[in-house]
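Scrolling down, you'll hit the structures one after another.
In the two complexes below, chain A is the common chain; its partner is chain B in one and chain C in the other.
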Partner chain A sequence: MPLKVDLRSRAASPAVTQTINQPFRPLPYVLLLASLAFIFIIEFYPFINGVSFSFHKGSLLSTGAFVGLGNYLRLFNSPSFYNSLWFSFIFAFFNVLVSYVLGLALALFLDPDFPGRGFCRVALLVPWIVPAVVSIVSWKWLIADKGGLVNVILGSFGAGPIYFLSQSGWAMVAVIVIKIWRSFPFMMLSLLAALQVIDKTYYEAARIDGANRWQMFWRITLPHIKNISIIQAILMIIWSINDFETPFLLTQGGPSNATENLILLSYRYTFGRNDVGLGSAVAILTLILLMVLSTIMMRQQAKSA
Partner chain B sequence: MINNGGGLFTKERTLDLGSDRNLEALGFLADLVKNQDVYPASAGYSGEDAVSAFSQGKGALFLSNPGLSNRLPKIADKFGLVQPLVGPHGDKGTIFWVNNIMLYKQGKHPAETKFFLEWWSEHEKDLWTKGHNTQLPVRKSFAADPYFQGDPETKFILDNYVPVAKTTATLATEIFPKLNDVEGEGALQSLSQSLLQGKDVNSSVKTAADRLKSVLED
Partner chain C sequence: MKPNRKWLLLFLGLVIVLIVDFPIITVILNSFRTTETIVSSHSILPTEPTLANYLFINTRTHFWTFLLNSMIVAFTSSALAIVLAALAGFAMSRYRARILGGYNQALLIVQMFPLILAIIPLFIFFRNLDMVNNFIPVIMVYTVTQLPFATWMLRSYFDSIPRELDEAATVDGCSPLRAFVQIILPLTVPGLVAVAIFSFLFSYNEFFISSVFLRDENRMTMPVGIQSFMQQYSTDWGSLMASATLGMVPTLILFFCIQKYMVAGATAGAVKG
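This part shows the complex of A and B:
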């Protein structure tokens, strides 16, 4: 029997009336001030400072003169910015898409009980657990032009060698593939958790009704993991666009800036070119881009909920 | 470019990446790539890769900075120094950087700081003689010291390379603060990587020149 709560009668209850009539007590708010100040200092102060830097022509030594939107206008006229924007986009797009598909496939594989499932789960988490420096250096050895395992295997079939980190196109592929390799375990883990809370009776009922595997996946599994999938996609987009270590450790943004994403561009402008204003402007535009993408996806999620 | 009598700038500090001498030097590199005289993976290599290849005996010639013997002590007796390369027009050259000592104008005691740094620069020879610095000294009085003159490698560099060495400001005769930003921009690394990938010289130079121009205009 459904539980009904009469809000009108609760609002009129003596307990609620007493709460409303209580005098304002400032002490709890005063006690909160220290925490709020701490949050402001570590969260908002750097952000506000960053926004302020983006409106100044500053260096690492001084804030510099106020230039208004000058740094942003310079960026909009810079081929480097569009190059980085483009690479950030394809880097995030392929990373989200492939790591999601791969993560979902593995989650579906690991969902039912089978001997060795625990070992498989742990083994597949390794790429996510290993520190970035270790995994990327290992990948560099694997795809090295001389003696790298990948090229040795290609050579055994009479193919290659492929100069993965020396040609712009291949370098982009290498950076994206390695990012996918580092990302898919998180997707897999989250989707596996989502799969395991789906009520199995849905599948039993569908089976009795004669649904095949594809229909069960399409009609039961996907709708149940839709929300977590959107959240995962948002997180993965943010992490991909904000990724510094993968392209930096692998190619340092090269060759010829082919793998330079927005974060590496911001780093180059700030620390290479000593132009903190321009570097901050890149960072702020990246933030705006991420906020827009996240808002669109969250609205999409809210609509479908 | 510097070996060929070129440089990034004119004598008046105007950017001049597309000068005849520069294009000739870059074209020479592009031709080496085109003729497959350059290892195809070179564009992805770093300085450390070069050191590693040379130390393993996989490289015959290696452009390095002074102090390579200290970096590779195990093979120091297996390599020697050659005379600076001579360009097709008879130019000799190499590049050098000065590690400047800086002081802040906005400091509380700039005059006193300057006085101290002048004293320091006159008395810092111990940094080398006690083994804390392997680079070349700027002061001629230090370079004349038996510590440097007695070391065959250092003496060879001081006698043969330093007299023809030029800064990144070349053909301008004096360095200027923007050079730091010019180098930090990484346009020249991108240019060399483009050429090592076999891309067109003129379009690669134009891209690099545009980037350097934007740095200098800022």
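This part shows the complex of A and C:
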């Protein structure tokens, strides 16, 4: 990517060595001041508080006694926690896997020029760009028990109805499918960007050497999009784990908590059960999980640079 | 490419678009049908289009308040984010200092931070200040969540402006900050606008943070308002579809304005860091 080249060439440019040798310059610090203040108030200060909450009993109204690792131990003994950890995992897994396959297929489809390609490209991004609440309204009707289009169609074949939102298994499928529908356009877009910077002469050379399309895909296309694929995949795992809107708006975590991910669990403990200690502990564990994933991502980025 | 193949690809493309956008198309079509026909009729097209749902929304709900609230919150937070990100992006583009590397790491953490962790203490904090149902906490959280993306994008725009330009101005006695405001910023206006619209879209669409802080009907943003409709009128599909259609109009308009910047935006988070 050109951006990365910029980063490295700047480090080596003579202008930069000059600035390093110069005495202390306050300007960069001043420029960051406002942003740092915001990050401090909105993320750092709450983070410290959250760590402290997770070691205390407490409600939304007041913080109670210090319980050490009590909240964490309660979580490790609670089936709800493992249930939501499991759902977060399969939610992220299927979302990344299917979004990647769909995204790559559509990116390959949109890479060569054809009339109307620009329109298709923009139109396929729509599921990604509309507000979550709008997509959920539309899907809720499509899969509604009575009068929903899917069940009307199933009914005309004599099948169904499927109660998508009241059966655990189907509710999980519904939440995951809708999440995939909302995420694959982003994958498509980033892969398309990566495909378009591949030097077309590679393909010409391969064709002269008698390579077929399949070989060209494996030997030229895939190696060129490998780095961006890994990075976007990890980014998408992080976003899936952090997703609140899709499960909350569709099922509110139900039926019987089948579609409750870690974020919804933390939300329910905090705002539903008014147990801030337990809710914060879930959030901290989620953060740790995400830190591990991000570290892997940064390693990968460092390797690919 | 043979001409036949071209048209085949176009046809295939349109079919894929129709399938993928089908849920959105049904929302728009259904918004012009009454709830009874939506539930009973087996056709998707509105045979007797009606504006009844829109009239209901207009007269019987707070929809326009929700929309106005969303506009206020989204506009303020994207304006704030763009100013903060421009300053930080300028520092990252033109200077080398240890703090800048640290700041970049901070942005990465902000990008992956589970918001629920911030929301719990912030909710308690702002409730003690009697600021629930106030836009300020929401605007501040939105601003911060947009900082990583906006800063990385703007930094790459500034990187694309040759250093010689502002260095020449500095040699002529212009201060670095003035060189930034008077020389670099005017050259990056299209990029600034694109990033501002991205930020606006994010805040306008966002549900989670708003739903925690904005609980009073007069303060709700559009997504929170539609969700409250979902609970109140759970079977009144007509009104729900009409509010969803109206709610996505601003999103779609802004999206079509910046769609050509989308490719750069989609990779900004991944390439930087």
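As a convention for this text, the second predicted complex is superposed on the first by the 256 of 305 C-alpha atoms of A that agree within 3 Å, B and C clash if a C-alpha of one lies under 4 Å from a C-alpha of the other, contacts with A are read in each partner's own complex, and residues count from 1 in each chain.
The rule is simple: a residue touches a chain if its C-beta (ideal position, glycine included) is under 8 Å from a C-beta of that chain, and two chains touch if they have at least 3 such contacts.
Everything quoted here is computed from the prediction, not taken from an experiment.
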{"item": "Which of chain B and chain C A:F271 touches, first, second, both or neither", "value": "both"}
{"item": "Chain B versus chain C as contact partner of A:L124, first or second or both or neither", "value": "second"}
{"item": "Chain B versus chain C as contact partner of A:I231, first or second or both or neither", "value": "second"}
{"item": "Which superposed partner A:S138 touches (first chain B, second chain C, both, neither)", "value": "second"}
{"item": "Touched partner set for A:N257, first chain B, second chain C, both or neither", "value": "first"}
{"item": "Most chain A residues touched (candidates chain B, chain C)", "value": "C"}
{"item": "Partner chain in contact with A:A34 - chain B first, chain C second, else both or neither", "value": "second"}
{"item": "Common ground on chain A, meaning residues reached by chain C in one complex and by chain B in the other", "value": "146, 271"}
{"item": "Contacting residues of chain C [partner chain A, same complex]", "value": "1, 6-7, 9-10, 12-14, 16-17, 20-21, 23-24, 26-27, 30, 38-40, 42, 44, 83-85, 87-88, 90-91, 95-97, 99-100, 103, 106, 108-125, 127, 140-141, 143-144, 147, 151, 156, 159-160, 163, 167, 176-177, 201, 204-205, 207-208, 212, 222-223, 226-227, 230, 237, 240-241, 243-244, 247-248, 251-252, 255-256, 259, 262-264, 266-273"}
{"item": "Interface residues, chain A side, partner chain B - complex", "value": "57, 61-62, 74, 78-80, 145-146, 163-168, 171, 251-252, 254-257, 268, 271-275, 278"}
{"item": "List of chain B residues in touch with chain A within their complex", "value": "40-46, 104, 106, 180-181, 184-186, 189-190, 193-194, 196-197, 199, 207, 210-211, 214-215, 218"}
{"item": "Footprint of chain C on chain A - complex, ascending", "value": "1, 3-4, 6, 10-11, 13, 15-16, 19-20, 25, 27-29, 31-32, 34-36, 38-39, 41-43, 45-47, 49-50, 53, 60, 106, 109-110, 112-117, 119-120, 122-127, 129-142, 146-147, 149, 152, 156, 181, 186, 189-190, 192-194, 196, 228, 231-232, 235, 238, 241-242, 244-245, 248-249, 262-263, 266-267, 270-271, 276, 279-280, 283-284, 286-287, 290-291, 293-294, 298, 301"}
